[in-house]
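Below is one structure, written out as structure tokens, with a few remarks after it.
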Amino acid sequence: MTDSNARIAILGASGYTGSELVRLLLRHPRVEIVALTADRKAGQSMAEVFPQFAPFALPRLTTIDEVQWNGVDLVFCALPHGTTQLVIKKVFETAPHVKVVDLSADFRLRDAGAYESWYGHPHQALELQQEAVYGLVELYRDDIRKARLVANPGCYTTTAILPVVPLIEAGAIEPDSIVVDAKSGVTGAGRAAKENLLYTEVTDGMHAYGVGSHRHMAELDQEFSKAAGRSLTPSFTPHLVPMSRGIYATIYLKTGAGVGAEGVHRVLADFYRGEAFVHVLPLGQVPQSRFVKGSNMTFIGVVQDRAPDRVIVVSTTDNLVKGASGQAVQNMNLVLGYPETTGLEQIALFP
Amino acid sequence: MTDSNARIAILGASGYTGSELVRLLLRHPRVEIVALTADRKAGQSMAEVFPQFAPFALPRLTTIDEVQWNGVDLVFCALPHGTTQLVIKKVFETAPHVKVVDLSADFRLRDAGAYESWYGHPHQALELQQEAVYGLVELYRDDIRKARLVANPGCYTTTAILPVVPLIEAGAIEPDSIVVDAKSGVTGAGRAAKENLLYTEVTDGMHAYGVGSHRHMAELDQEFSKAAGRSLTPSFTPHLVPMSRGIYATIYLKTGAGVGAEGVHRVLADFYRGEAFVHVLPLGQVPQSRFVKGSNMTFIGVVQDRAPDRVIVVSTTDNLVKGASGQAVQNMNLVLGYPETTGLEQIALFP
Amino acid sequence: MTDSNARIAILGASGYTGSELVRLLLRHPRVEIVALTADRKAGQSMAEVFPQFAPFALPRLTTIDEVQWNGVDLVFCALPHGTTQLVIKKVFETAPHVKVVDLSADFRLRDAGAYESWYGHPHQALELQQEAVYGLVELYRDDIRKARLVANPGCYTTTAILPVVPLIEAGAIEPDSIVVDAKSGVTGAGRAAKENLLYTEVTDGMHAYGVGSHRHMAELDQEFSKAAGRSLTPSFTPHLVPMSRGIYATIYLKTGAGVGAEGVHRVLADFYRGEAFVHVLPLGQVPQSRFVKGSNMTFIGVVQDRAPDRVIVVSTTDNLVKGASGQAVQNMNLVLGYPETTGLEQIALFP
Amino acid sequence: MTDSNARIAILGASGYTGSELVRLLLRHPRVEIVALTADRKAGQSMAEVFPQFAPFALPRLTTIDEVQWNGVDLVFCALPHGTTQLVIKKVFETAPHVKVVDLSADFRLRDAGAYESWYGHPHQALELQQEAVYGLVELYRDDIRKARLVANPGCYTTTAILPVVPLIEAGAIEPDSIVVDAKSGVTGAGRAAKENLLYTEVTDGMHAYGVGSHRHMAELDQEFSKAAGRSLTPSFTPHLVPMSRGIYATIYLKTGAGVGAEGVHRVLADFYRGEAFVHVLPLGQVPQSRFVKGSNMTFIGVVQDRAPDRVIVVSTTDNLVKGASGQAVQNMNLVLGYPETTGLEQIALFP
């Protein structure tokens, strides 16, 4: 541990995005975890909550109030939406020097009205909402470097925005007929004990949920509309699939005349050339979700459908890594001036 | 066993649709299984091939050539496509009195050119192809009663055609913008030993396959086009999901003005009122694949998307039952003049 | 529905043993379900709680207090242990004519001291405890026929007692060195929302639990000791395995001199000859749990270990069927004088 | 890449232990992968065989004959048993300077007669068999440092030997009554396309296999007998469980008078104090297989059974890491004089 190591706090360390942050940061050479909070499990060790950490030295879980902010450089906030905005507001009041990477939905929407309409109540930290930078690194890298508060994107939205926004911006597709059929692993639902997330209710079968009403649509609307320069409302249907991790988005697009899959593929291959965490497969190939499991990668495939103007784009991420904690560390690296890939070199665990 | 019991042969009894036929027919009060074939496993008992049948008396597996056709009233053909047409041709030559329910793809397409184009060779039994009746019971019930050769539909197509064809026929939807995002359990791929179907390659992840080129599209084209009165080429993407059984189709539709989800729901609820094996959920509800597992049911749900003219329809079946062997028994019941639901009363096994 | 159909109530219909009873009884030709209770979900339909029943007519869920006992002939009690004894006591006070098949642990132990010691409180219905018959049909068939209150055995214990008790009784094994390594599917833990039963906590891994202290040992002790004529305390370790259904017991036995696997196999094959629901495989073969899934079968295999006096016996059941609701229906058939296999003909659902 | 980086070849890179070696070595700071072989897939890229490696630069697959041995410092051999001994013999003839870590079973047994008896043919490289060092690092560390040929232990045996051998050596247990009930994830069976390893045959159920005859018993016999100073033949039953990775061994032991679980725990805690890859849980706790998934850790738990002289020890590893490729890298680190934990710091991927 050198003086230059950043001191990190994780608020909400007893959930899956929290444990995933711990997994990544324990092996990050430039940080030290100095505080872990979990209000209802305060006093317990991480080994009690996640026994895989038993061999490692980690701070004991505390309440948020017990955190010594003067010893913290950057905080990851992995708390439920709604309470997050109040917590972060208070953190900044107490410790204006800290940087925040927030994994909740609270600061992802720039528009106060959109937030209120999707979440059913006015935002409680409007100034911070305006200040926050949307932390989709490949699209907002420069802004993130300068940010104090980064709103880490959702897992569904990361997976869909990465392939679609460059295509809208390039004018390669008709932005009004986008259909995103998305499938999620079960960790996306978190660790709360709910009947509908029991093994027995989720294994060996699948289902759609939140059809026509899932809140992640707000993020899609925001980013797709920004790219198009006008308001878009894509079709988006999430499904729960019996796998631990993974978002798999099958995206149906109509291209402009003469564009086709080849044109779509060229736009994406060019856009992501040189990116460490986005890999565009050769034209005609589609990824499997397992090829990114445990890694910070996004794999994208492009296939020509039967009509010349219909293209199917498939995109996949690990919802806990590039879809949450990995991207959060990627954001942290930018905010702290570290090389962007530090601590994120893990290769997918397959099989 | 009464004199009136039909004597049944199953060709291809060592595969999953074969074993599923045995499971259903062993408990069917009006049939007797008199012959089971499996060319490469001839000589073995069913208990060796599928030990769950060990407690039951069943004929030993033989080659097709060993079947005594004069003692057979109806034959289920669960063989690979291509060879099937030759086998059935020969069966009819040898034993014109038998009825055939074929579970392969060989007789599903009415158009000889379409068959040749999708399967890469001319059909070898063109007369039979013309004679065959497409065995989607809820749409072709009267024809099936009179048929000698029934072409049992595919699992993907059953799941998609049941909700979509009535909507096309009713003029409730725009037939040119149909998107069928379909997900399949792994039994749909059969029992052949292939690396890509190993547990280790399929579990805890998912992927699309056959994108833009899956042969089941030929059946969709045929039935959707027949309903529309003109040629349609819907988008259809199959996915492999880590579950044993189940087809889950998420279907994106555009409705005519003023129709919306309510209109779509009304058409389907009316069309399937009184049907034993198609259940339309209340408007706004979507099914889970597990609610039909092991049963001959199709569950259909209809949800309004965000735009008034966009509707999402979800449909699910068990690919081995309503998507294969259950529907085959349903066809058998019609062909033999039995009540349609006989032997198909099993309720879904959940959890 | 004929006059002779028995009228059935199910207390605790919103759990998995409750829904499994409904699955079986809906297809039982001699019963009618007249009452379903679920205190916390009273007022809901079964279709809301288990959508697979949506196509079927069933009574709405009520509280226990709302049951009209004069219209009930037999009640299945699928309630948590502890409260069960109070409920059944009251049922008999209100309606002495009803028969009860209890699926909880409350009446399985005959010894009041053993109950108190394992469950931490004195039994609240001691007279009924003495009256209750242990409902392991193959061992207690004659007593069950005359019983008013049947204590349906546990899933682990059914799976272990069926192969071991006949061996102890025959003097074929040394009763002091029995090791039962048992593995359970997740439905064995019920439908309560608990963090440790979430899909994400159970899938793709396994673990032992209750090591050295699981309450099912009390039942093993009771039945093994009864067979031996003296007190036994076998080793028993339960494990949770990522499968929905199934108990799989690997049992390590030492045989008397000259007995070996052949002698063990002969005892079991003789004992279970003619039994509909216990199938002893040929010597040297072991079952898979999937060969009994969804059926009321127990499959037993016997293998010689490397030393001549060491034998490994493997036994498997579906914990929700022969391990719970199927055996309960088997008990009901005996109590009501129906043929023992009525309504239990379902063949295992594999794959 | 510095001059001091060791140049590594992997023979058999298209299997799961091969891909796991690639996963680990790509992130190892002191090695360079210079050759990858896969005879039947020679000419393909690793990305074609394992698409998760698509973003990384790796040598194309070749035949073994194409390897340039003068540019290789150490070779991992991940080939089937039987052929391995011939390949390694030839490698040493061609390139006496290379070090070999062999992941097959070919060099694990020191006794030529035992090899012949378990594998059915005489060993083809007897001198190398005598030279080989058994690569269970925690037990043979000093020998491994000096070895030219390391026989990497099996996954079952690693998991069982680590907890049991120190107990035999300490005289804490009766060595004649050891029962090892072991459960394996499916990757343990490799990537060969076999019907019994299909997803549909393995998911949602479990079974024992190789009962009384599994070849890994030869390794257990060897190491247990060596520790005891006399011949032992423990009971060992392997099971296949629906999980990708993981060995989970439940071990039934009898202790000497006055030892009990506390004594057993003390022996193991003392023995493994300071070991990076073996973690002994607090007395009374048992591990889950998921707490080591993807890591090189072994977790061991000790629990008192009901009788004072009966103890249950539970041990778990990831069969592809500590049970194969991770331990192979650990061996490589010793052979090459690197710090033992280099490149093996990955933390378990849970959930």
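Things to note:
The chains carry the letters A, B, C and D, assigned in the order they are written, with residues numbered from 1 in each.
Here, a residue touches a chain if its C-beta (ideal position, glycine included) is under 8 Å from a C-beta of that chain, and two chains touch if they have at least 3 such contacts.
Given the structure is predicted, the values throughout are model-derived calculations rather than measurements.
Between A-C and C-D, more C-beta contact pairs join the chains of C-D.
Separating the CA-averaged centres of chain A and chain D is a span of 36 Å.
With each centre defined as the average position of its C-alpha atoms, the distance from chain C to chain D rounds to 39 Å. If you average the CA atoms of chain A and of chain C, the two centres end up 45 Å from each other. The set of chain D residues that touch two or more partner chains comprises 16, 187, 200-201, 203-204, 242, 244-245, 287-288, 290, 293, 350-351.
Taken as a graph of touching chains, this assembly is fully connected, with contact between every pair of chains.
Residue ranges of chain D in contact with chain A, taken from their complex: 16, 19, 23, 26-27, 50-56, 187, 203-204, 244-245, 276, 279, 281, 287-288, 290-295, 297, 299, 345-351. Of all the residues in chain A, the ones that touch chain C in their complex are 16, 186-187, 191-195, 197-204, 242, 244.
On chain D, the positions that touch chain C within their shared complex are 177, 179, 181, 183, 200-201, 203-209, 211-212, 217, 233, 235, 237, 239, 241-246, 248, 250, 252, 286-290, 293, 303-307, 310, 312, 314, 350-351.
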